[in-house]
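Quick notes on the structure that follows.
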Amino acid sequence: MKNEFLYFALRNRKLRLGLSVVLFFLLLTFVGPLLTDYDPWGYIGAPAQPPSAEHWFGTTTFGQDVFSQFVHGLGPAFLVGALGGGLATLIGTAIGFVAGYRGGWIDEILNMLTNIVIVIPTFAVLLIIAAYLEVRSFFIEAVFIGCTAWPWTARAVRAQTLSLRAREFVDLARISGMRASKIVAFEVAPNMMSYLVMVFILQFGGAILNAATLDFIGLGPTTGISLGLMMNYAVLWGALQLGMWWWFVPPGLAIALIVGALYITNVGLDEVFNPKLREK
Amino acid sequence: MALKVEGLRVYYQTLRGDVRALDGASFSVGDGEIMGLAGESGCGKSTLGRSLILLKPPMKYVGGEVLLDGDPLPIWDRERMAPYRYKKVSIIPQQAMNALNPTRKIGRLIRELLEARGVSSRDLLPELKRRLDLVELSHEVLKMYPIELSGGMKQRVVMVISTLLDPSLLIADEVTSALDVSTQKRVAEMLVGFRDHKFVRSMIVITHDISILYQIADSILVMYAGKLAEKGPTEAIVRRPRHPYTQLLISSLPEIGVRHTERRLSGIPGSPPPLLEPPQGCRFRERCPVAFDRCREEPPFEELAPGHLVACWRAHG
Amino acid sequence: MKRYLTRKLAIYILTFFLAVTIDWVIPRFMPGDPVQTMLSRANLRAEAVEVMRGYYLKAFGLDVPVWRQYLNFWVAVFHGDLGVSVYLFPKPVSRVIMEAVPYSLALLIPATVLSWIAGNKFGAFAARRKWLDNTLLPVGYLLNATPYMWLGILLAWAFGIALGWFPIAGAYGFDRTPSLSLGFILDFLWHWFLPFASLFLVQFGGWAIGMRNMVIYELEADYSQYLEALGTPRGLIRRYAFRNALLPQITGLALQLGVIVAGSVVTEIVFSYPGIGYLILQAIQNQDYFLIQGCFLFIIIGVLLANLVVDIVYIVVDPRTRRGMMGES
Amino acid sequence: MVELERVTKVYRVGTFGGRALKAVDEVSFEIADGEVVSLIGESGSGKTTIGRMILRLIPPTSGRILFSGMDISTLKGKALKDYYRSVQGVFQDPFSSYNPIFKADRVFRVVRQEFFPNVEEGEWGKRVEGALRAVGLAPGEVLGKYPHQLSGGQLQRLLIARALLLDIRFLVADEVISMLDASTRIDVLNLLAELKGERGLSILFITHDLALGHYLSDRAVILYRGCVVERGPIDRVFGKPYHPYTRMLLSSVPRLDRKWEEGKVGLKGQQAAPTKGCVYHARCPFPYESCKGERPHLVEVEPGHLVACHRIGETEVGKCRRQG
């Protein structure tokens, strides 16, 4: 089983492509800051310079090094993705398991809650909370994103739990005297591991996009640098009008590539996990 | 001969290689004949049925010929086969309960299907209604969505749709399997009725249940592990089977009136060989109580008595 | 169908209730003294400070019990009284928002509806067509992964600055005043095009991919196989598959509404397009809290209404809901 | 051993539990020590629901299920576990009975973990091998394999072996062979018969197949729409059926020794679920007016043979038989 999975995983083009792109950026996150001595906020060079050997991605209107900002902005993106996406996956999975396995009125209530959070535009809630918070950190941003992004996951996990629960091996576990929590943990959840991995990947990408949006309208963390914030400054300080493409292209492109690669990875994983979808 | 199949080979493509699900089938079905196709799961009976109408990946045509009413059927060519489908060959699929588009009313579905095949639905309407009566469905179903019908009703709708153009050959794939005994009997009788009313000229009824075939089929073809084991008139197959597999299979079936305390039946030990790399010679050899040296060679599927064919060295010897 | 709709309505009403409550709770229970913080942080003109303080005290009603404050808030909401904008003092928040709404809708509705239609058509067309499918997948996923603002920035830069074909700020030229003249309409459309295109493109990718996957799934379904076995021409089978695949796409539209709204907010910001999104940026930069709260409520109400519209469309399109055959939402 | 007293199960269907569906309607019967009882019915008869209630997978809406005189609905904690030591089940779909991502022999480990945590490894291994041999499996062929590497028949035997590890006294066998191939079916049936003979096991054999029921069991209970319409010793119920439903079932079974008679079994009238009157009256070939209004009670027509039909007890019985 395991070897078969690995075999298909290594052979899958989409998975290989997606993972390489994500790994490349992850590597850059760690190595990048070592490649540059510039302080991302420091006014270290001539303003508005196009890319050069000295400033690989050029400089901002204020003479800040774009490359330095860029590599320092990658970390927070991954951090918010992992933390926010992870939290959303966790909450969604927990609610989905409980609602799907317990059923009855607990399910009714959790379902109602899920439906409410689904229709509330997440962005608007983040907007109002962030606006009133005087000090904001990456951590808080990630927590808020995680707390609002879980509903679709809860819904999907609930549906899967419902269908697994109706399988006879769950009945068999019950007449073995296993407790409900044990059945969920050892019979139901292991069957959904592949699915949960994919959910996490999607939530990861979603959290990065969400965070970039918040950062862009100026509701991101109050300290530090991020890719969304770079775009915010680029637009605010006339990078467009001045044609300073080197300022706004890298952060957006990085987000699009990372999130896009995550999506492609997901499709690849889906093909590996579901033999039906494998390329013929 | 309505249908003549000669050396048909259809494999399944998998990553591990070709599964030889149907490995050389030669038989014929006469005019007005209902041929039962029996065998255990994985013996290739559904592959045979499906390949006669819609052969598509992962199924792979390897060889053989099919003649229907004397004309060759281009079953290996998905496109060229299209004109023959429905008008010449039709099928009642195994998943008949899910075979109807859920968002179309049944009347409209039938109309669109017929128009797409260049048949006037208006002309056929009276006949359609007559056939609905025959399967004990009210004409109201035409105004309903599939979800409003029970599983059994949907299946009968599919039975009517599939035979509406009076095809030469009808393939009924496990039509009675999921049904309760009382419904099973009616549906089986309806199939016979379709033949008697000349809605279809001949029919292949695929099932794992030989006792159903005994009730409705004129002849029975028994398959084992991708090969034909025995074919003959129903009475001969049930009363005087010649292939050891058929013999063991029939003697393992419990009948009403048989109690284990009085007559202990027994099954067939072992399991069918893997079709990825099937053994040489007779494929039943491993499980056969009367196997001998010669069974290492493949036994021919030959006539023993008129219309009774067997692939077994013992029967021929 | 009645039950289906009642259930949905109950959820929307609950949601609205919850949203208004959030809107009331957050400024009150965030750390610190809200009135003082707001007044000190807002860049107010001197004469405004007193008016504002009086208003805050009345609005927050800090001298009455909490439940009374909450009730008063509801009364105010129903009177459309959302406070006074600080940044556009002394305009009431509701009027500021109403002036911005038409611009937002002019962007959002066409971009969403058209991208949904075009994306679905294209996705269905590309499914099972090897070459198109192989291009659609990567491009679609990349588009879908693109942050709305970035695509906006790129389009603005490429077509606005580098090529100079389109303006990149405002809804119409500075020298014009809104009227129904042909000149104004053309000018409006000229300004409208780039933000529209950027909203359209990102969504388009998502719909196209979703549809492609759904159509493939429907083509594998038993009813498609049956039709194929009966020699039905591919056209009809695809038509059925498309139509059935549309149903989950409609539900998907409802689920995406929040994301789409967020996307339009940042797109408006990029193009300085005077809708709600641009207003939000102004409100944040000027710390105009009443305006932020007003925008919040407005977005929620808008999304709830849009959800209701989608539900009704779903009922019209899916016969099963009409016949009361839907067990669950 | 097991006794059902007016057991009823009502399902709430629809989003808010709007409609009620009576799956099992005041069913009473008992299974004696060392007895095999066949619970026979078509789909929707409630036969599986009864099995699940006995296994306490779902609670009855009303009525009691007694095991050795004890109401099983009161069992909790240790008492419930002890119940499962004596009462076990095997289900219809062998492939769905195993968690596909684990090896098949995990079912044994779960039993050890839950019931015999103190038995040491070596001793447990011996017990497992013993149980496997008892069900006719070679340990080497099945241990350490994934479910998809084994056949349906092997998987069902493994489950029976699992039950044997617990020294059970009562087994609920719910359609255990309906998904197996004909050539392996009979062996599983024979195995159940042996367990009854050698270990004195009581078995509730739930099936839709009358021939299988007849082959194995001592008594039969015929269910229709959640109601017992006839029950009694197997040779009486099959040899001299009274209820028109039982007779219709028997005449519809495809047999290899004779062809179907030209009886007209209508398909209409199957849908409507009557709320009062005889559950079968819409399909009954000879209904009385009273069949619509009043539900017939089970009446003993001969020792141990009970039938719920208004025609019973009247001289019409004989006539009704001849016509059917």
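Just so it is clear, A, B, C and D label the chains in written order, and each chain counts residues from 1 on its own.
Here is the rule we use: a contact is a pair of C-beta atoms (placed from the backbone, for glycine too) under 8 Å apart; a residue touches a chain by one contact, two chains touch by 3 or more.
These figures come from a predicted structure and were not determined experimentally.
Student: Specify the chain pair with the maximum number of C-beta contact pairs.
Tutor: A-C
Student: Based on Cα centres, what is the most central chain?
Tutor: A
Student: Calculate how many whole Å lie between the centre of chain B and the centre of chain D, each centre taken as the average of the chain's C-alpha atoms.
Tutor: 31
Student: Which whole number of Å gives the spacing of the CA centres of chain B and chain C?
Tutor: Their C-alpha centroids are separated by 55 Å.
Student: For chain A and chain B, what's the span in angstrom between their mean Cα positions?
Tutor: 51
Student: Compute the distance, rounded to whole Å, between the mean C-alpha positions of chain A and chain C.
Tutor: Computed from C-alpha means, the inter-chain centre distance equals 21 Å.
Student: Which residues belonging to chain D are in contact with no fewer than two other chains?
Tutor: In chain D, no residue touches at least two other chains, as defined above.
Student: Can you tell me which residues of chain C touch two or more of the remaining chains?
Tutor: None at all.
Student: So in the complex, which bits of chain C are touching chain B?
Tutor: On the chain C side, the touching residues are 221-223, 225-233, 235-236, 240, 243-244, 247, 318-320, 323, 325.
Student: Inside the complex, what are the residues of chain A that reach chain C?
Tutor: 112, 115-116, 118-125, 127-129, 131-134, 152, 205, 209-210, 212-213, 216-219, 228, 231, 234-235, 240-241, 243, 245, 248-249, 251-253, 255-260, 262-264, 267
Student: Would you pull the chain B residues touching chain C in the complex into a rising list?
Tutor: Interface residues on chain B, with respect to chain C: 53-54, 56, 81-87, 90-91, 93, 95, 98-105, 112-113, 116-117, 145, 147-148, 158, 161-162.
Student: Name, in rising order, each residue of chain A that touches chain D in their complex.
Tutor: 1, 167-169, 171-178, 187, 190-191
Student: Would you mind writing out the residues of chain D in touch with chain A in their complex?
Tutor: Per the touch definition, chain D meets chain A at residues 52, 55-57, 80-81, 84, 87-89, 91-93, 96-102, 107, 110-111, 114-115, 146, 159.
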